[in-house]
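Multiple structures are listed underneath, in structure tokens.
Heads up, the next two complexes both have chain A, just with different partners, chain B and then chain C.
And then the complex of A and B:
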């Protein structure tokens, strides 16, 4: 960096004279070489351009549109007639006054935290297992996990719904066959907690592969000698994990926690397919609540306000981790 | 000089082209009309509404009249239809003709998404339209939805199972209906999956007759304000009756609905004694189980007092033209053919639905199944006539109430109170 920085002013001033002095471009070798230097200097930005365009199109514009919509009255009538009615913060006030919004928000945060904890625990265990496995089994586990990860969310959720179907589901059949219990008509979706259990299981099941494979990749970078030394010092399995693996993989853990938290806060497809918020709205989470406000009762402005609040919540929930992550990254340099 | 004008006009048109995309309401004028006649009009029909034979006949008649235009039929699923229609009507190229469930017409009409067809009523033979469907298609005295077909639910059963259970004739009141369920339960109840009455918990269409028969209402209008009325003593009594039946005789998922847990499936498999469903489900059952042909029969849901039938929900659909249609005239021609006598006769015969005109109600007279549904339709009701009603449906207020009642999570009194308050809030919001 230092070398480049000191060289920079010369190049720039030379370029300035070149462009002013010979606007039509010249044959001399000097300026041409400098031109290449300049192109090289800008090249990274040109290479960034496509992704910037994509990000602005796919992220910045929708976000902008979301925020502006949240300050408009946009019911079905305004949507179809393309009317723009600004209402200030009325939508936000309506949301914040809604008792159910707070219940749903709290429920969403708790649900996400439980799912993240379960995913991290199971993912870590799978990663540790993979380290011990032979080559063939490890390949089998990896492929299996990739398949689970690659399954489209809606398909996975539909399969889980069928697995736990009260009449035709394989889970009830297994319980009835293998245990003295008769669960041939046991319902998983008639009350809140069993419904949440199936939902959470589906979410966690599909989140494990990413966590496990990432952690496994991290584990392979830890030299075996450290564990050998730890063993000689008399450390057991738990001690080795806590004192060796955990601190060494801390950056990876932090990234995984923040990513999982973001994903689990915005669970939608699984919820829509499996319970659609039922029974009696008891498994309603923030994303579906917003969807119902928008597409259900056609109050798109209020729904947009709810979505903005959700973005803020997600940001706050993950800001801590992102900060720590950046700090860890700086320390590593 | 002429040429120069044309060129200037051409350049102006090219410059305006981009912005013109946004405003599509400019009616084509003069010679342009023939040139800009669309090659295609899009028609949304609901899954299961019209048999292929009817649609093809209508399309054939349409293309004979308009050789340059192909009617493109897109079949839609009922599940999530409100969201889909909303998105489509708000878009730049909405479908030209839409089938809309009768209870949803006023919502989309109110939003300005549907074309006003009031002036076309006599041209369409509107004087003989079914009353319930006409009301459903009307908002503030203007017609937006042309009656397409009607449907009511009745009790469907299997004659072979009734014979085995020793039931000789259909029940004539609620008490004998319960006695009939007892007999079925006694005969087939050894199978833990057998339901004498298969009733998925969220099936609110089938719950309404019990509310209405007991004298209850969904909502009542009082001085311009709507008020949820499910917490009235009458409505509570009706729902208590239903709760007793469901908890005693139904093994259907309490949190299930009639789409995911189609009552026709257990009926075909012999796991259901009776179901409450539409006429066309008879065909669904015999198609999946050809050996049951001729063994599936129906009777109207009996009422509390002997000899009466319970008022049933008049379902069905209306046909509408989107306000944003690029070819409203062509759309109207297609709609007129589908709503006309020929297509309606075929729809009633091939599709087994109730046709849109009272003149055609004798078509089913000789059919032992369809005539029952037609008779039941005479004692039919609809949902409250307000554009906001659709939000009660999409807010799953009735479904939530029924699940709370059947699962025992809430008492009938508490659940109906919650639902009534939610309905009041939704209808007046």
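And then the complex of A and C:
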């Protein structure tokens, strides 16, 4: 599905001209050829070796170690004495019996889904808007979005905390100036929903640009004639979107949804900076909950069990993503 | 032709679209503007509810304060060392892998590609626990090169994926021609393909740099408080007298500037690279 014009012929074209194990290009003849072929046979594996070493040592091994840790009791005492005590599935039983774990997990999933829905909706609207704009205005919108996208997450989180500050925040000031309400000392962080609103807004603000720009790139690949034909057939804006844009951009939508879901499930630094789970743990999400279990109260075994569950949840979202990727770009893999 | 049939409606639509565009721009740009303008405002204009959207006086006090916070220069140095090392090492390793993936077809290639996709999704926040425990047992906490190694774990998959796309766009014919003319495969690659790949390498490298520069949770857990990187300094920035917003915004601005600058430079290439990764598989 070549929906985005990325100007990349990509591997499928390269594959067509390559033979197994041989370098691209004409093979030499005679003994030299046999020698080349064998060297060529191993060469790709040598090239991959360093990356495999890094990925196995620094991703696969920690992942394995995470799983084994989840079957150990590893509190402060064992940590200091460097004891290894196997406890079977006790950590999992403990975590699954913990009411807060279920609340936090459910909250994490709902939070991610709301953020994804908001991001996709706003991103689509912005992309459609960009299509209708002249060059100058389109550049203006792109520059604004690039600023938001480029801002480091920790900077962004700090700024949002400042925008919504109780005493001197510009948002409270704007509300007080523009509406009859007096929000001169309105706190956004002493109850759950306003705090979640600020957190979600910060996440979505940074997530929209990627979605909008990708969708816009997709939109520009749809020929104008299709829309003209649709207009002649009497299709309104909504009908055009639903009957033309949506099916044509379906693969992009699917990939953006699954990618956003994976990203929003693991929100950590914004949460750490903006609310740190407060007030009274009401905005705690799974990653911070796990972090607190480990580095806060030194119950590393239980924290590892929670982290394993987190990995499983992410993998379910990932499986959906990979399946889409394979279906969309089968020839490339 | 729509324009001819309904000129008025079209015009009103364009005006509405332009207004919407300005609002969208403000929504995205205002927080960034507010960060920078607060950083340059005198404290008296920050600690007041009589807010002025445009500062009437400018000061560099907050930047000076930020530079003077304990260990700031250590944090900056650490951030630079870690980000640059991660970038160089990741791009080198990824270049090898990308060449293999784009230039050869071999058994296990598809599996490797799927693995690269999968490992990108492993939440680092979950791996931080075993990483901490393993490094603690090996007495390797608070060591910068080790932090670099852990950063490669999450920078590398994306770097490989993106570079593979770049290598695949380069014509093989030129390399073959050089080989016919007697150049070795390595020589052909080095003299023909490598220069052509430079823009791709730069774009990928910048992206790796940004990711490493922004990383938060690994530095937070694997480094000691006096030996941190900038994002952790920023994320845990507090003063004795409550929140110093001027200093915080100055810190955020300092931290954001290199990323925003880099980002704007390579943006075009990066969006197409990301889009290629996202759409073309």
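Heads up, the rule we're going with is that the second predicted complex is superposed on the first by the 264 of 333 C-alpha atoms of A that agree within 3 Å, B and C clash if a C-alpha of one lies under 4 Å from a C-alpha of the other, contacts with A are read in each partner's own complex, and residues count from 1 in each chain.
Operating definition for what follows: a contact is a pair of C-beta atoms (placed from the backbone, for glycine too) under 8 Å apart; a residue touches a chain by one contact, two chains touch by 3 or more.
Source: prediction; values computed, not measured.
Judged by the touch definition given at the top, the superposed model places A:150 against chain C, while chain B stays out of reach. Of the two partner chains, neither chain B nor chain C is touched by A:84. Of the two partner chains, chain B and chain C are each touched by A:167. With both complexes superposed, C is the one of chain B and chain C in contact with more chain A residues. Once the two complexes are laid over each other on the shared chain, residue contacts for A:191 go to chain B alone; chain C is not touched. Of the two partner chains placed around the shared chain by superposition, chain B is the only one that A:76 touches, whereas chain C remains out of contact. Once chain A of one complex is fitted onto chain A of the other, the partner contacts of A:220 are absent, as it touches neither chain B nor chain C.
Counting contacts as defined above, chain A residues 165, 167, 184, 295 meet chain B in one complex and chain C in the other. Residues of chain B touching chain A in their complex: 82-83, 86, 89-90, 107-108, 110-113, 192-193, 201-202, 251, 253-256, 323, 391, 394-396, 399-400, 403-404, 407, 409, 426. Residues 75-77, 79-81, 165-167, 182, 184-185, 187, 189-191, 195, 275-281, 292, 295-298 of chain A are the ones that touch chain B when the two sit in their complex.
Looking at the complex, you find that chain A touches chain C at residues 1-4, 6-11, 13-15, 17-26, 40-41, 43-45, 47-48, 50-51, 54-55, 58-59, 61-63, 65-66, 69, 74, 82, 126, 129, 132-134, 137-138, 140-141, 143-160, 162-163, 165, 167-168, 170, 172-173, 176, 184, 205, 208-210, 213-214, 217-218, 228, 231, 251-252, 255-256, 259, 262, 265-266, 268-269, 272-273, 287, 290-291, 294-295, 300, 303-304, 307-308, 310-311, 314-315, 317-318, 321-322, 325-326, 328-333. Those residues of chain C lying in contact with chain A across their complex are 1-2, 13-14, 17-18, 20-22, 24-29, 31-32, 34-35, 38, 46-49, 51, 53, 93-94, 96-97, 99-107, 109-110, 112-115, 117-119, 121-134, 137, 149-150, 152-153, 156-157, 160, 164-165, 168-169, 172, 175-176, 179-180, 185, 210, 213-214, 216-217, 221, 231, 234-235, 237, 243, 245, 248-249, 251-253, 255-256, 259-260, 263-264, 267, 271-272, 274-276, 278-281.
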